[in-house]
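For clarity, chains are labelled A, B, C, D, E and F in written order, and residue numbers in each chain start from 1.
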Amino acid sequence: MSAKAFVTRRMTFSAGHRLHNDALSAEENRLLYGKCSNPNGHGHNFTVEVTVAGDIDPRTGMVFNLRDLKKVMTEVVEDGLDHKNLNLDVPAFKGVIPTAENIAVVLWGLLAGRLPPGALHEVRLVETENNFVSYRGG
Amino acid sequence: MSAKAFVTRRMTFSAGHRLHNDALSAEENRLLYGKCSNPNGHGHNFTVEVTVAGDIDPRTGMVFNLRDLKKVMTEVVEDGLDHKNLNLDVPAFKGVIPTAENIAVVLWGLLAGRLPPGALHEVRLVETENNFVSYRGG
Amino acid sequence: MSAKAFVTRRMTFSAGHRLHNDALSAEENRLLYGKCSNPNGHGHNFTVEVTVAGDIDPRTGMVFNLRDLKKVMTEVVEDGLDHKNLNLDVPAFKGVIPTAENIAVVLWGLLAGRLPPGALHEVRLVETENNFVSYRGG
Amino acid sequence: MSAKAFVTRRMTFSAGHRLHNDALSAEENRLLYGKCSNPNGHGHNFTVEVTVAGDIDPRTGMVFNLRDLKKVMTEVVEDGLDHKNLNLDVPAFKGVIPTAENIAVVLWGLLAGRLPPGALHEVRLVETENNFVSYRGG
Amino acid sequence: MSAKAFVTRRMTFSAGHRLHNDALSAEENRLLYGKCSNPNGHGHNFTVEVTVAGDIDPRTGMVFNLRDLKKVMTEVVEDGLDHKNLNLDVPAFKGVIPTAENIAVVLWGLLAGRLPPGALHEVRLVETENNFVSYRGG
Amino acid sequence: MSAKAFVTRRMTFSAGHRLHNDALSAEENRLLYGKCSNPNGHGHNFTVEVTVAGDIDPRTGMVFNLRDLKKVMTEVVEDGLDHKNLNLDVPAFKGVIPTAENIAVVLWGLLAGRLPPGALHEVRLVETENNFVSYRGG
């Protein structure tokens, strides 16, 4: 029997960001992003949920060892983003407006390269208790 | 690169309801709905999660502006349902038994007409911490 | 060694209510309670947290057997209030406006009589994720 | 109109388990499962979310009566697993390593046989606030 | 009967901050605040819980009208702090290091002046799901 | 100005335990602890909230450096209890029935000795989403 399951690991990080498109006027930015374009930025406790999909290995009873997933996520999420300013401190956001959508896409890119091909199924980003985004690559 | 993402906004409302089908006998209603058919009704803090799907606009970094989604949801959920009795006060439930399933379907109908065609992906309704329903239209 | 500890058990109930004082005018009620005075009522998933305080019994390692506390709370909370309309179906609210504060006081009265004298320490009532009340008797 | 909806009921259980494969060496078990292979076991408050999918019955407004789903889940989850040691007390785990993945698969098997054919859509198992698994059968 | 109760309202805000004392050396700041002293700041979804204590008014069944408390909190918390950089955008933090402790103290000061004398009982600030602070004035 | 504040850090651990008093008969144990006395044990995701009280240091804006509190809790909670069987693997529970009350008392003892005298204010232990205990020493 091969059984396909989805395994998710959750991690949080606290970061600052500012939503602003330099190619637009101040007024356009204000209309588009409202108080999210505050020049000095603001921040969130972001939650990331990374889902890996695959068959359960009968020898281990696992799709993917959660310790390994934790190690990858610690490197990408905790070391890479936690207690940083996404716009100013994180190279992966150079030229990318750090909306929740784009954070999910950037995380997908950083995680996919560190996981077995095809393993990554979904990146879910919770920005506040009222806003979430998910991205499945493509 | 076009990247498809799913964006969700959560909103709560507190409402009363009663589960009762007038076409059935009192005994049938009792068997079917149990204490949910209490004549004087009861109520819940409902949570609605509305998910919109689409490509991320490279200019804005967004699938859909959450402020616009919040405006639509405020109109439909907060103004339309909050602190009301679903059976007696809300026209959309005339002739509709306000089960969690039907609330999700009614919300879908009210929201779809206020959003761009094809944008609405899912309405999820949390009735209690132990009961949830989701509806994807169709 | 006698060690004093506080033991809490949580239980939820879903009920309807209406905030309205018959001794006041319609306008006064509207000003005071806003949409909470909607004539057909609304409702909530209420959470009750009952805290009992006392010394830990060295023989059992317990302040109070949680099974006994659960039994008392099931009788008072689940059997007495769940899926009811507090204004119309619950004798203890005759003449009492079922605000969160008064629900906590009424619960205190119902619980204290079923627990050992002095054991009840606090009744906490969560009305929504944004509103809570606590009452310590007196 | 036939409307397909997804209905989920959540239930918790507290159980002990140990991750260990008797076919592997002590060292292999340690490398694979780390502190999860502690000989005397550990435990969790597991949360199970069972999702049933189907058309909403226009007569009842329901996909599936939640009371019936609760009855099935009480039998399988509460009576079958709660306050037990999964490795030693639960026949369904004879020869099965009780990883989160396998617990979801075992629950699927136990639930599917007690529900109408095709009704069961997903079993989601939350092991800790940071680890979840979902299984959709197959 | 006069009955004293505690009424709490919860509100969230998302803000940026940086922990840094200009009177200390860079090395002392790093030792003291670690990654919280990152020059470009970071941020959080802060949760504020404001508790008011008093006797329940028999005419209204309330200690304090939650709509009035919400109005005060919207002014202080949402208008004053949300989507801002606490160090750079908020006058009340001039010369104050915005640690969780100090945010609670500053909020106490801003709220106490807008509430009846003696009404304010506690300000609780949740910085992350793992860190909270409470302050009772004095 | 000296301002007294309460600072709390939360940490989780997953452990197995069994409630059983060897000095009592099997029947007495069954009556007292019910399914919690299952011979092979069960387990929980416990949450510990440790509260430290003191004046805010004007130089740091802190009552107590949360990094130091985290270090102490990691040693006591994560290294000492996580993924263990409290009855069989943890010396501090020799001769102590690991009820929630006693776990809080044991944690108090282990933590107080590693914190400045008088700093520890409360240990709160959440055993399940419905059961919590708090202990303030004495």
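Quick note on the criterion: a residue touches a chain if its C-beta (ideal position, glycine included) is under 8 Å from a C-beta of that chain, and two chains touch if they have at least 3 such contacts.
From a predicted model like this one, the values you see are computed outputs, not experimental measurements.
Chain B maps onto chain D through a rotation of 120°, based on Cα atoms and reported in steps of 5. Centroids built from CA atoms put chain F at 33 Å from chain A.
Put simply, the C-alpha centre of chain D and that of chain E have 41 angstrom between them.
For the pair chain C and chain E, the distance between C-alpha centroids works out to 28 Å.
Multi-chain contact residues of chain E (touching two or more other chains) are listed as 129. Every pair of chains meeting the contact definition is listed here: A-B, A-D, A-E, B-C, B-D, C-E, C-F, D-F, E-F. Of all residues in chain F, those touching chain D in their complex are 12, 14-17, 35-36, 38, 40-45, 82-85, 88-89, 128-129. Contact residues of chain C toward chain F in the complex are 3-11, 49, 56, 59-63, 65-67. Interface residues of chain A, counted against chain B in their complex, comprise 19, 21, 23-24, 32, 34, 96-102, 104-105, 129-136, 138.
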